[in-house]
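Okay, so chain A shows up in both of these, paired with chain B first and chain C after.
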Partner chain A sequence: MNRLERLMSDISSYTEDNPYLQHITEVIDTVRSIVFEPGVSADKSPFLRDYIEIKRYMFAVVLAVAPAALASIYFYGWRALAMIVVSYVAGGIAEVTFTLIRKEEITEGFLVTGILFPLTLPPNTPLWMVAVGIIVGVILGKEVFGGTGYNIFNPALVGRVFLTTTFPVATSSEWLIPMTGGWAGFKQFSVDTVTSATPLGVFANSGTLAPLRDLFFGNIPGCLGESSALLVLAGGIFMILARIIDWRVPVSYLGSVFLYSALGTYLWPNQVAPPVFQLLAGGLLFGAIYMATDPVSSPTTKEAKWVYGVFLGVMTVSIRAFSGYPEGVTYSILLMNMFAPLFDEMVMTFRYGPIQKPYK
Partner chain B sequence: MRYISVLIAAIFAHNIALRYFLGWCPLVSQSKKLSSAWGMGVAVTLVMTITSAVNWPVYNYLLVPYGLEYLQYIAFIIVIASTVQVLEMVIERFFPSLYTTMGVFLPLITVNCAILGVSLFMILRDYTLLTGIVFALGSGIGWSVAIVSLASIREKLRFADVPKPLQGPGITMLIAGIMAFAFLGFSGMVGIK
Partner chain C sequence: MSLLTKKPSFVGGIHPADNKLTRDSEIKDIAPSGTLVIPLSQHIGAPAKPVVEEGDNVKRGQKIGEAQGFVSSPVHASSSGEVTKIGKFRHPSGNEVKGVKIDLDGEDKSVDFKEADPGELSTEEILERIQGAGIVGMGGAAFPTHVKLSPPEEKDIDTLVINGAECEPYLTSDFRLTLEEPEKIIKGTELIADVLEVDKVYFGIEDNKPEAAEEIRSRASGSIEVVELPTKYPQGWEKTLIQALTGREVPVDGLPLDIGVVVQNVATVKAIWDGVRFGVPLTERVVTATGTIRNPGNYRVRIGTRGKELIDQLGGLPEGRTAKLIDGGPMMGDTQPDQSTPVVKSTSGLLALGEEAAVARDSSPCIRCGKCVDVCPANLLPTSIYKSVESGDIEKAEELNTTACCECGSCTYVCPSEIPLVQWIVQGKSEIEKRKE
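Presenting the complex of A and B:
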C-alpha cells in the first residue's frame, strides 16, 4: 500500500512538471484522492470535525443504491451492468473533458449521477442511447451551470427527460418482464420477454391493479432500479440513519402522495389509483429517496423542504392520473427543482423580512 | 367548470412561455432580479387580460360584420399599443419605483408576441368573451410563473462559475429550455378547447 501511495505521488509530481502532461494532473489527483486521503489539510482555524465530506457523501449514496443496482442485474441479466458501465464511461469522458478544458477540479458528484441515471431507464434501452443521455445530463444538466454544487436541476433526470422526449418509442413502449427464482439474471446476458406496459400503464389503460406483493418484492416490469420497493426502501433508511439525506423530503413527498391519492381515488376512482399501489408502483420510491433529496437541487431551508415535498406529491399524482403519461415522477421532480430556489427565497423573506442584497 | 379548466390549462399544460415559446425577449432580459420579474409578470398579466377583453369585441363587432378579418393583426396591435401607453402613464404616476425598474421594457410590451399571441389564440379557438378573458388571465399567470421561477434560479446562480460564453442570455435560455422539458409532463392533462 505504501509503495502504491509513493508511486501515485511520484506520478502526480512528474505530471505537474512535464509541460505536455500537466493538463491531466487533475485526473491523477482525483484518482489519488479517491484511493487515498485527500492530500490537503486546513492550516487555519476554524476547524470543522466532520467525517462527511463530498467524497464520502457521494460514496455513501453509491453504497445505498448498490442493492438496487445488484437487483437490476438479478432481474434483467448482465445487460443491466453493461448499461451502468456505459453510463460511467461515457459520462466520465464528458465530465473529465469539460473539467480539463475549463481547468477545474474533478469532483466526485459524477459517481452518483453515473449510477442513478441508468437505473432510471427501461431495461432494454440501447446502449448508445444510455451514452447520449448521460452526456446530455452531465453537460447540459450540470457542467454548464458551473459543475457540482451549482446544478439547479438534477443532472440524471435532465438526461432522462431528454431521452424520453427525443426517443419516446424506444424509452417507453417496450418493457421487459423480470426473471425470478434461483440465479435468474445472474446466469444470462439479457431478458427477452417483452410486455407493453408497466403496472402504472396497465392501470391507466384498463384499471387493473398489479398485486401489491409483486410490487413490494420486485416481480413487475419497470425501469432498472425501481423494480423492488424493498431494496430502495432499505437504501433510503440507510441514508436517513447515516444523515446523508434529510428525512423531510421523502416523508412529505410520500405522505402527500398517500393523502392525495386516498382522496383522489374516492373522488375519481377510474383515474386515481389507490394509495398503497401509488406508493409502491413505478419510480416513486426511487425518485423520492435518491432524486428528490439531491442536496443541490432541492431547497435548503426546512420549511421549504416540506413545501417542496408536498408539491412533489401533488404533481406526481396529478400527472399520473390526468396527463398523457402513466408515470410522472421525473417531470414532477424537475418541476419542483425549478421552484426550489423560489421556495427558499420565500421562506427567508417570511422569516427575516425582505432581504437587502449586497449586490445589484 | 369550463372556466377553471381553461385557466389551469393556460397556466400549466399550455403555458404561453414554456409550451409556445412566446414572449421570450422580456423573459430572458427581465429575469435578472426577482423584484423586477414580479413587476414584469404583473404588468404582462394585466396588459394581456385588458387587451383580450378589448380585442374580442373589436374583432367580433367591428371586423367580422364588415368582412375585415384580415385586418385583425393591425387592429390588435393598435389596441395593445394604446393600452400599454395608458398603463405606462398610470404606473409612472402611482408606482414610480416599478416604473424605473422596468425602464424600456414596459413600452416593449407593445411588441411582446405573447400579448398578440393570446389575442390571436382567443380568436383561433373561437372563445366566448368570458372564456377569452379567463384564458388571457391564465396565460399571464403562467408567464409570470415562468419568469419568477427563472429569476429565482438566476439569483441562485449569481455566484456559480458559468462558462464565459454562456453567461447571461445563454445560460438563461438553457434553464428555460430545461423548464420547458419539465412542463412537458403536463401535456394531455387538461383540454384547452
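Presenting the complex of A and C:
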C-alpha cells in the first residue's frame, strides 16, 4: 500500500464511523476502487479472472472515444471541451446525489455516458442546455429504473432526445462549419461560421450529396463526435479487437443500412440517399459503434444482436428517407432498446427450447 | 490454422493462461511418512464400511473399507502402520467424512498382489478386479469405474473416449503420466474397449501437449484414434469432449451412456491396468504440486497423505506469499482451510495461489453484456439463471436448465461485473434438488 492508498483507506474508515460523514463513504470508496482496484482473495473457485472487468471496460470505451473528442476540439475550438466538462460535472452531481440517497456505490457507467452525451450535440449548444440534458439523461434514463444495469434506454440518448424535443431550434436547426488546416480549433475557443444544414439535411432539402472524402475525414457540419468517420471507425475497431464490444451489432446495423439504402435509392432515388453516403453521413457510425453497442440496453444473446442490428438499419434509413427528420439514428436506437428484451426472449425460445426435450 | 482444417471442438469456452509450470517436471516419488488420513468415502455412492479397528496393524494394499453395494468402492491402506483412529475427518471437498488414520511404521510393507493374465479373464472377473482394486474416476468426479463399465443392457455402447485433455490451468499430472507410462494407458484402454465391446476408441488431448499425443499415436498401432483438440477450457468436461470428438450431444440431465459413449480419464485407465494385470489396488496417484509451493512438480503421492506432509517434503510454502491452498486446479478446485486435508483418489493437483492470483473483486450490477452466455459450454444463460436464483424464482431456474451446468466457472471468469455466477448457479442446483424431494 502506498501512502496515498493508505490515506484514502484511513479517510474511508474515518467517515464510516462518523455519523455526519458516513454518507460520503461510498463516494470515497468508489474513487478508491477506480484508482487502486483493491481485491480480496476469492473463497471459492474459479480463482482466475479475465482481464476485462467493469472499470477497464468503461475506461476502454472512454479511451476509444477520445480521438473523436479531441477531433471535436480541433474542428470547433475549446468550447467543445467545455461542453464535455459541463456534462461530466452536471451529470456527476446528479449521479452522486442518487448514490447518496440510495447508499449504493457510484457505477463507472457514468464515465461513458458523461462523454458520449455531449458528443451527440451540435457544437453551439448552450452550456446550460448541456447540463440540463445530461441531468435528465442520468435521472430519467437510468436512475428511475434502478441505476446501472436496469435501464431500458440508453441514458445518453434519452438526454439527447429530451433536448431535441424541448429545444428543437437550438439543437437541430443551427450548425457550425468546422475549421480545418493548421492548428484550426486548437487556437481558439469557438467557431462562429453558421450554416443551416448538415449533409443529411442538405440531401433531404435539395438532393445534393456532400463529397464522400469530406464525410470520411470530417470536413462537414454536424454533431461534435460524428464529424470524422475515420476516427469513429478507429475507436470501433479498437473496441472490437479489445473485446469490449461485440462486432455483431455494428456489422449487422451498418450492413442492413447499406443493403436497404442500396435497394431504396434504386426504387426511390429522391428520398433514399445512396448507401456509402448513408454510412458516412450523420450520426450513424457514432451511434452504431458507441450507442447501439451499450450492453445494458442492447440484447444479450448473439442471435438477438443480429436481429437488433438489422432492425436498427431498417428504422434508420426509413426515418431518414420518409419522415420529417433528416436524422434517424437516435430514435431508431431508443425504439429498438425497447425490443431488446423481446429479441432475447425469442432467441431463448428457439435456441434453448429444443434442448429441454428428452433425448430420443 | 485455416478454416478448412479447423479442429473439432465445442461451442463456447474460454482461454485462461495455462500456467503449466510443471510441464517438464518428471514424476517423482514422495515417500510415505508420518500419518495418513484415508477417507472411507472417496467416490460417488455409498461410503465404504471400515473393516479394521483402532489398534490394528495394516499393510499397504490391505483393504480397510468394504464397498457397500454396487455403486460403492473399497478403500485400501496405502502404506504400513497402526490404525490409531477411525472417525470424522475433513475431506478436500469440504465435508466431514468417516476416515481411517494410520500412524506409519516407516517400513512400507505391502501385501502380496495377485497377478493375472487379462486375456484369460472373463468380463465379470475383470470388473470384479476393477472394483476390488478400489478404482474410481480420477479426473475429478470419482464415480466408481466398474459401474461406468457395466452399462445397462438396453444402452448400446459403441464408443470409448479416453480423456487426456487436462484443460485446467496449472495441472500437468495427466500429461506427465501419458508421456511416461503410455504403454499402461494403451493396455488399459484396449482392455476396457474389449469389456465394453466398442467399435471406436478415441484418445482426446489438447493441442498444447503434442508430445503426449505422439507417444500414444506411435504406440497404439491404429486401435486408438488420437485426436488433438484446440486448447480451450473446459475441453476436458465429458460433454464437451464427446461433442468435439463424436459430434453427439449429451442430453440435459442425461449421461454419456444415453448416446452410446463411455469416457475414462487417462489416470483411471492406467490404474485399471495396474489393478487387473498386477492386482495392485489404487493406493497412490500422480499429483501436480504447483503455484507458490517450493519445488513445484509432479509427484507420485500415497492416497491419504496430508497437504502439510507433502508441502513440507517439498520444502514448504514461502512466508507470506500464499493466499489460498486449493485441491485441484484454479477453475474448479476446492479451497482448503488449512493443510490438514489428505490427497484422495480424485486429487489431481495441490495448488497454492498468491494474493495476486486468487483475486475476487467486489461485484457490481450485471450490465447484460452477454459474455457469460457466449462462453457457457453447456449452452445456458448464466446471467438469467443468476437473476432467477437471486430473486428466489426456482421454477424459472429449472426451466433454464440450471441442472445441466458443469460448474466449470467460465461465466465467472469472463464476467466484467465480477458476479460469482457459478456460485449462484450451484445454489440454484441445490434448491432445485430440494424442491424435488
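One rule holds for everything that comes next: the second predicted complex is superposed on the first by the 345 of 360 C-alpha atoms of A that agree within 3 Å, B and C clash if a C-alpha of one lies under 4 Å from a C-alpha of the other, contacts with A are read in each partner's own complex, and residues count from 1 in each chain.
Basically, a contact is a pair of C-beta atoms (placed from the backbone, for glycine too) under 8 Å apart; a residue touches a chain by one contact, two chains touch by 3 or more.
Small disclaimer: the values here were computed from a predicted structure and weren't measured.
Of the two partner chains, chain C is the only one that A:K302 touches; chain B does not reach it. When the two complexes are overlaid on their common chain A, residue A:F145 makes contact with chain B while staying clear of chain C.
More residues of chain A are touched by C (comparison of chain B with chain C).
In the superposition on chain A, A:M348 makes contact with chain C only, while chain B stays out of contact range. In the superposed pair of complexes, A:I54 makes contact with chain C only, with no contact to chain B. In the superposition on chain A, contact of A:F339 is made with chain B only, not with chain C. In the superposition on chain A, A:F162 contacts chain B only, with no contact to chain C.
After overlaying the two complexes on the shared chain, residue contacts for A:D43 are found with chain C alone; chain B is out of touch.
By the touch criterion defined above, A:P211 reaches neither chain B nor chain C. In the superposition on chain A, the residues of chain A contacting both chain B and chain C are 147, 150, 359. Chain B makes touch with chain A in their complex at residues 13, 34, 148-149, 152-153, 155-158, 160-163, 166, 171, 174-175, 178-179, 181-190.
For chain A in complex with chain C, the touching residues are 33, 37-50, 52-54, 56-57, 105, 107-109, 147-150, 246, 295-296, 298-302, 305, 348, 351-352, 355-356, 358-360. Here chain C touches chain A in the complex through residues 14, 16-17, 169, 249, 251-252, 254, 258-259, 323-324, 326, 328, 330-335, 353, 355, 357-362, 364-371, 373-374, 379-381, 383-384, 399-401, 404, 409-410, 412-414, 416-418, 420, 422-423, going by the rule given at the top. Touching chain B in their complex are the following residues of chain A: 102, 104, 140-141, 144-147, 150, 152-153, 158, 161-162, 165, 315, 318-319, 322-325, 328, 330-332, 334-335, 337-339, 341-342, 344-345, 359.
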